[in-house]
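First chain written, first letter: the chains are A, B, C and D, and each begins at residue 1.
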């Protein structure tokens, strides 16, 4: 492979983790029935046009924000930085790269920096959110898939290597990637900040979109229970793919579901730790992964071709 | 539905449970790698041309007998009766029905009665086997799918209702069935003796065959582990269908695998109890089951059309 | 061992399984918070002075009946017979043994035969109950321990061998027992009808009582979830013993809890099959079981000395 | 609380995670039977006097090193730094603090810095180890508890607050602590670098020792399987405490075992994420934790009073 993205291994600012997504949906009641009643998200707050949700193990005010809108799509994907000062350092860095930034007011978040990556993915960064109660030990609140916490996003881009280069300049490290066996072209780049396989998966596509975001559940059986409760609640056809195992990158058992507006979420367990710098990025040949290498079925066509487009902020 | 099989609710003889199958295979080493090393069967005994296997929780000498042969197939499916005297009562009953029987010598089993059902399914009945150690509490022997015990068989027949009638005359009760929405024709009959949904599933097909036999595992995760260990041991493509859940009959999480000769096994968890006589057989319309009613994928074509033919005893 | 109870291996009547218990409690709201909200029982019906509960996998109207009363205790333990005619055959048998019987009216049950065993344990037998919906596949109803079905009772008696003899005459088979190493006195007798290790455990004690009844859950994690939800719902101190594993008889992972009135329930998974007649009863020496033989802690004193006394019917 | 340790939130050097321990044992065969055969550690390398072990999900050469010695004890506990240059920056920092350091040669590790904390806990830091194959997806290697990876250590110290101050100066952040209700004295300090509740737990004791190290397993059932396989392999009495749940700090299901020389390991699942700086350290009153607050038994006396003393390097 002659073209791995260059990683800024010691940036002056620290991005700590993938944090949240903001999605536009058409019907908050339907959304709540899916995300809260079925997948087990906790409703931190419901307002007239917004629904703020978090996992059982989260103390941040929200990891999923749903906004009522005529136009379905993803408005922003969010990352956390370590300290407030990291926002300024990051802003300076982005300006030096020629990337435009804005400071925006976002409810229940600290100072928030808004920007886009090279292909237009809408990003926001903040150092803090309002702190709410962690419900990990409130077992009477466990139901459905009992989602624990936000883990990662998978974005689509027409320029995988250039996009990976952008995130590499922000300190994201490459843990794994899938390349074309013959051309060596990078097709999937898995990049991480928090020490597990990815905070951000970057995947080739003709236009930039959000493919899915990933939520951690505790056990394989939660994947089954998610699908079962979905079926019981009338969301059986929203179960898109799995429960199966990712062969190749991440190795995780997974289940993909679509919400009432078509937004996709991955539930998964058991990511490995990816911290030590002496471990080189793992390369997977496309041929070894497409054939699945293990067991299970190919993803349905919808998984390959459908994703959430980006929309303007309300 | 105007044609449920008549059940002999109080037969003079007692059949207690589905017990074992005898399969012909081409390579005992390959079979052992699959059944013992991968699925976790215990090898009770290996002889030059035979392999006797059992689950961790079984005290009977064998629930799966593999015999080396040029011709792959199923030689017999086996049931247990309560006492030795039940064999004689059963033999008399079969003769009265005009069904031929033989007494055969089978190693490690008590006196064994050989017969066939109306469509030629080769059956054997015995009251006892050699008793071996139950390994349920020998956790160092747990590996792979850690199969616990034999549960049921699914046979194919060109005459579902007549075949069900035959087993009904032996005291098998109908717990569930699938019928054509329009014609009311019975397509799947699930019949039981031991108080869970089925010891014997009877399914429509143009010729009689053994579709699969079912082994109980403890937890949903064992289904995943079965597939994972299969993949690690080179049997990834032998994982045929699942892990998913049966919507409609049985409601069980399942995984189907094929052995190196194509014989099919179902691993499953969690059958419900089916003992009380006031509960009528559950009817499922074909349309509600074919569309799955819940979540998951349709079975692959192989699951619909491939099965083990019957072969003569060695 | 010179004194195993004699078993009536082919009784003219058929008892099929342990079925239900009737308990007197002081506060139905508190009971419902424990049994339904915490353990996951389904409320079939609540009346002014009675609460009828069942597990998710049950079609019988009730497996646990709670009646409001000043006096806490167990009013009856219940078994199912195969057919209505078995009740008459059983009544005749009991009369021939010199045991008194009554026919009683019990709501939501078929004709019910009331009697006591040799030491005064209040028993009832019926052939049917009202049929209600099985909720095994209604996953939105799963919560807490998600109990699936009634399995067994453990009764205390001053005369283990004589009591076992009584049940043996009714066709209960001895699957396992614990005996004094030196005197051979039988201390625990595990007897079964439905083909798993026990429908009825009979244990030595200076007076007759109900020690606990057992409910099946699906997976080991349900035992943890039961304790966790109990703690979240204010019932942390009601978790009495476990999750641990029974070494010796049954081999099952278990959790014991006490309800608000002190009645004890065992949640467990994974009983083995006990059907084949060639397998002799398993003897465990008291010394091997008391020392636990495996891992875990001794039961707390309460588990050894507390139990539900029997009370008169309301 | 007036005395929280001061944390160096932006140290010039980066310690990334707790990494490994070096223990002296008397019999490598017995150790291997316990750690590899029972808990499922992978043997990376066995030499005449040393055994190098790792979890299934680890690419580092070792997370547990056992050295044959007459004197049982812990020789060193190890942490990873981000890059080789961090070792020099750390060394400078320690010297400025007046703490002695040494550079030592350790097989299969990069350059290694040796030091002690304020109370004499023997520490080592390295930036890299030899890279070996990750076996997370080699399911045929899963057995016993199937330990996945090293997570944390718990050390004992006569001076909790001063010890926590030392690690705070190295950038360890305080996630949770237990304090005396009345005196506010800090009794347990849970400090972390990698974003879960702790890399290092610091606990009050009259002399410095290693209480245990913690290994992550995937599911609650692995805790049961660990205890079960331990019992099957003759290590039943080595199961010290659990499976239960930690109420208060970490909230994790756990199982503690002792190896043949008395060294203690904790198996656990499901730590929450602890990354966001706006979340203050969680204080638990001793009274709320000692009484357990949830369910389960108090730790056995051995857990409270026994631990591994420190020994000189061989």
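Here is the rule we go by: a residue touches a chain if its C-beta (ideal position, glycine included) is under 8 Å from a C-beta of that chain, and two chains touch if they have at least 3 such contacts.
Here the structure is a predicted model, which means the values were calculated and not measured.
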item	value
Chain copies touching (chain B, chain C) - same or different residues, decided at half shared	same
Longest centre-to-centre distance from chain C, chain (CA-based)	A
Gap in Å, rounded to a whole number, between the CA centres of chain D and chain B	49
Centroid distance [mean C-alpha coordinates] between chain C and chain B, Å	31
Averaged-CA centre spacing for the pair chain D and chain C, given as whole angstrom	44
Numbers and ranges of chain A residues touching at least 2 other chains	137, 219-221, 228, 231, 247, 294
Residue numbers on chain B that touch chain A, as the complex places them	219-221, 224, 227-228, 230-231, 236-237, 239, 243, 245, 247, 253, 292-297
Interfacial residue positions of chain A with respect to chain D in the complex	9-10, 16-17, 57-60, 80, 82-83, 110, 127-129, 131, 134, 136-137, 148-149, 194-195, 218-220, 247, 251, 269-270, 272-273, 275-279, 294
Chain A-facing residues of chain C, complex	37, 137-143, 219, 221, 225, 228-229, 231-233
